[in-house]
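Chain naming follows the written order as A, B and C, and within any one chain the residues start at number 1.
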Amino acid sequence: MTAFNRLALTLGLGFLYAPIAVLVVYSFNDSRLVTVWSGFSTRWYGVLFNDGPLLASALASLKVAALSATIAATLGTLAALALDRHGRFTGRGAFTGLLYAPMVMPEVITGLSLLLLFVGIEMERGIPTIVIAHATFGTGFVAVVVGARLKGLDRSLEEAAADLGAGPIRVFFTVTLPLLAPSLAAGFLLAFTLSLDDLVIASFVSGPGATTLPMRLYSQVRLGVNPEINAASTLLVAAVSLVVLCASWLSARKGGTTAV
Amino acid sequence: MSVSTARPLGRWLVRALPLIWLALFFLVPFVITLKISFSTPATAQPPYLPVIDWSNGLQGWREFFYALDLTNYQMLAADSLYWEATLSSLVYAAAATAVLVLIGTPMALAMARARPGLQPILVAMVVVPFWTSFLIRVYAWIAILKPEGLLNATLLKLGLIAQPLEILNTPLAVIIGLTYAYLPFLVLPLYAVLSRLDPALPEAAADLGASRMRIFCTVTLPLAMPGLVAGALLCFIPMVGEFIIPDLLGGSETLMLGRMLWIEFFSNRDWPIASAVAVLLLILIVGPVVMFRGAEERREEALR
Amino acid sequence: MQFPSLTPTDPLLRIDRVTKRFGAHRAVDDVSLDLAAGEFLCLLGPSGCGKSTLLRLIAGFETPDAGAIMLGGEDLARQPPHRRPVNMMFQSYALFPHMSVAQNLAYGLQGLGLSRVEITERVQRLLRLVKLEGFEARRPDKLSGGQRQRVALARALAREPRLLLLDEPLGALDRALREETQGELRAIQRRLGTSFVVVTHDPEEAMALADRIVVMDRGRILQAGPARDLYEHPATRFVAGLLGDVNLIAGTLGLEDGATRGVHTAFGCLRALPSLALADAAAGTAVVIALRPERLQLGTGDNTLSGTLVDAAYLGDRVRRQIRMTDGTMLRASASLPGNPGDAGIGQSISLGFAPDAAWILPA
């Protein structure tokens, strides 16, 4: 690395982490004001843990994320299998388009059009509609992650299993699926995080009584900087870092590839 | 092979399940949005006319279609606000993409040249912010950019400025926010291509007498182009329709289509106009999306 | 697996006019081949010659476009790979990375209706067979290349197939290990009496292993037979060149002295030639004389040639010389003994000779 490389990296990572550092540091600030440091305190964490509606929406978010990521992992894996194994079937182009379009589609469009569907079919809006919406855009991400792994999979492993007398179903469950497991876990986590993170689509398709964490945070953020949110953010950042660290440690240990 | 010998039903389900789901919850909604963009607003629930009368069967559909009109699009065309919003959406996205390329390319290059042992750690460091809540990362900038925020406080203390700078609620804040939020999306695909580049290629160029700058411009950059284009489009496309960043950092004056759509829908409760804006936004990104698919294919080839 | 009773003369495997196309390309083109029980057969050819496709057709990973594949008198056409009484050892070994050695070996035994004890016993027997006792708990990535190769072999043998297909079984091993493993492979094959079909692109390996070599090129079988036949009496220039270095001398068939046949070449007429190959071809037919470098000796012989020594390379067990004939043709002569100090130096003239049975006449 040259001095220029080192500088670019330092500045770039500094840019990425400075705002997060500010959040973390000021979450321990005793004062309500961001610019004034008035001593170390954990009082905002206390406030946070007594904020019933906020905790309820966090729980709702976790529920939505778990359900939608499960659906996305299933559909995404099937889609990846179809694209990798079914060759040039009719409608393959449309299939890939449908799969990948939700990933780049502006969220406002996805959110609005899904809402219009739910209104049109007179489906009651709430947690289930958010789950459906999140599963829909999570599917593409899972398909990308699992598809990359499938592409690198040695086909002769499955042939060997068939050669040793295993039928298609046994081959899938004893060879294909275990080998896909790391990418499946990565895809699930990605879909989970994206669901946990989504404000725009959830705002469109949710109904009364179904408020996710980002929706709750957004309504407070609009009112300005708030130390309680700093505390919530700090916890979120800590949780994410932990997951990413675990994931990269696991994949380094197993010699697999890091997803995303 | 094993899958090809599977029973036809199982084979069909593998393809059909995701297809049906995506058609139902992605394609059909678009068709409905398109149709409602030709409806007129009404003070009803849902707030637009005509609605599809399901009980009337085919007749209901026909009445629905006959009642469609172009009013919403005429309104969009007549109101200069929408023209400005369209233009400024593109300008914001393009400007932020340019800044991203300038910041992200040296970063990705440095990552690819780091010690092999260090590279996974650097990738993880770029990934962590990407996995961290988008909303929160944007929110963090409010505390930094506002008049009595950290940036101004620091600059004032250093004596670099006499008056607090007005950054929050300006286009500059939107560009900073867009750049910040999308940086990992540019760096990661670019790094993926750069790290697989044969290190002997720049060495060969150096051996043939090329300067650092010439090596970068004539060897590294052309070979990394698919990754750079893919990454840039991956940022540009969603930025055009971005809502959170202009809403939180740009203030009420910011004109971007994503935010206009949100306001028409949530504040004005004009669903047909919101749908028309969605259609407009969609048309705007069709070109870049097609380019992105092409770039992705080239990038995958480059990664082979 | 139960087979219908076979008479000793029936082949174990019969490939009858099999064709496999990939698009317009005929990977296997009207191939017929019989394999006797207990035979060790090598499919030899350059990459893309169709040998691997033929193996995959037998295993059931590809379906033939025409023709039939019969095993023990039974048509395999309708049987998917997992129901065929044939096993395959893959070029990449295809060891399941998420399973231990023992689990890999047991994979094919599950579903045969064996008890857990029987499976364990058979796994132990397989480990002994390939000398890997004590490795049962290891993962494939913790094995050396040679050990992996042996696990792959043992796994393919686990179901006691009558026919084992091996795709470049020694291709990933280094040279020293390869020679050692060739012997082991033969020993195991003799001991079990299983028929082996090995695909290889390495002629030396094919010659070391096989009872019979089948040479393929462009989807077709060019020649089949024991190594010695193919080496000494190749049917085509391609086969001659594939099995080892060969001098090919172009000429035309001539009728000399009423009865003695000879071949006119650019550097003279050669008379002492085998009469077998083109006995009844007309005079004037274009032919090629194939002459192995080790059969071309220094000094004079039944046929004597003279030329200029261009290069002499000392290779330890032999010396390889390049000689330019008067017309510019280059010949290679390989002598197993180092020459005398008084031998011709580079650039000096040199005499070469060969006996009638050293040469072989091929169609041009």
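Everything below uses one rule, namely that contacts are C-beta pairs under 8 Å (C-beta built on N, C-alpha and C of every residue); 3 or more make two chains touch, one makes a residue touch a chain.
To keep track of the chains, here are their UniProt names: A = ABC transporter permease; B = Putrescine/spermidine ABC transporter permease; C = Polyamine-transporting ATPase.
In this text, all values refer to a predicted model and were calculated from it rather than measured experimentally.
Chemist: Taking CA centroids for every chain, report which one is farthest away from subunit C.
Modeler: B
Chemist: Return the chain label for which the distance between chain Cα mean and whole-protein Cα mean is smallest.
Modeler: Located nearest the centre of all protein C-alpha atoms is chain A.
Chemist: Which chains share more C-beta contacts than any other pair?
Modeler: Ranked by C-beta contact count, first place goes to A-B.
Chemist: Rounded to the nearest whole Å, what is the centre-to-centre distance of subunit A and subunit C, using the mean of the C-alpha atoms as each centre?
Modeler: Inter-chain centre distance comes to 55 Å.
Chemist: Distance from the CA centroid of subunit A to that of subunit B, rounded to the nearest Å?
Modeler: 16
Chemist: How big is the gap, in whole Å, between where the Cα atoms of subunit B centre and where those of subunit C centre?
Modeler: 59
Chemist: Tell me, which residues of subunit C touch at least two other chains?
Modeler: 61, 80-82 - these are the residues of subunit C that touch more than one other chain.
Chemist: By residue number and range, which residues of subunit A touch two or more other chains?
Modeler: Residues 159, 161-162, 166, 171 of subunit A touch two or more partner chains.
Chemist: Which subunit B residues touch at least two other chains?
Modeler: Each of 1, 5 in subunit B touches at least two other chains.
Chemist: Which positions of subunit B touch subunit A when the two form their complex?
Modeler: 1-7, 10-11, 13-15, 17-19, 21-23, 25-30, 32-33, 36, 46, 51-52, 54, 103-104, 106-107, 109-111, 113-114, 120, 122-137, 139-144, 146, 148-150, 153, 180, 183-184, 187-188, 234, 237-238, 240-244, 248, 257-258, 261-262, 265-266, 271, 274-275, 278, 281-282, 285, 289, 292-293
Chemist: Quick check on the complex: what are the subunit C residues that touch subunit A?
Modeler: Residues in contact with subunit A: 59-61, 80-84, 86-88, 90-92, 94-98, 107-108, 111-112, 141, 155-156, 158-159.
Chemist: Contact residues on subunit A for subunit C in the complex?
Modeler: By the definition above, subunit A touches subunit C via 154, 156-157, 159-167, 170-171, 174-175, 178-179, 255.
Chemist: What part of subunit A is in contact with subunit B in the complex they form?
Modeler: Within the complex, subunit A touches subunit B at residues 1-2, 4-6, 8-9, 11-13, 15-20, 22-23, 26, 34-35, 75-76, 78-79, 81-82, 85-86, 89, 91, 95, 98-102, 104-110, 112-114, 116-117, 119-120, 122, 132-133, 135-136, 139, 143, 155, 158-159, 161-162, 166, 168-169, 171-172, 176, 193, 196-197, 199-200, 203-204, 214, 217-218, 221-222, 224-225, 229, 232-233, 236-237, 240-241, 243-245, 248, 252, 258, 260.
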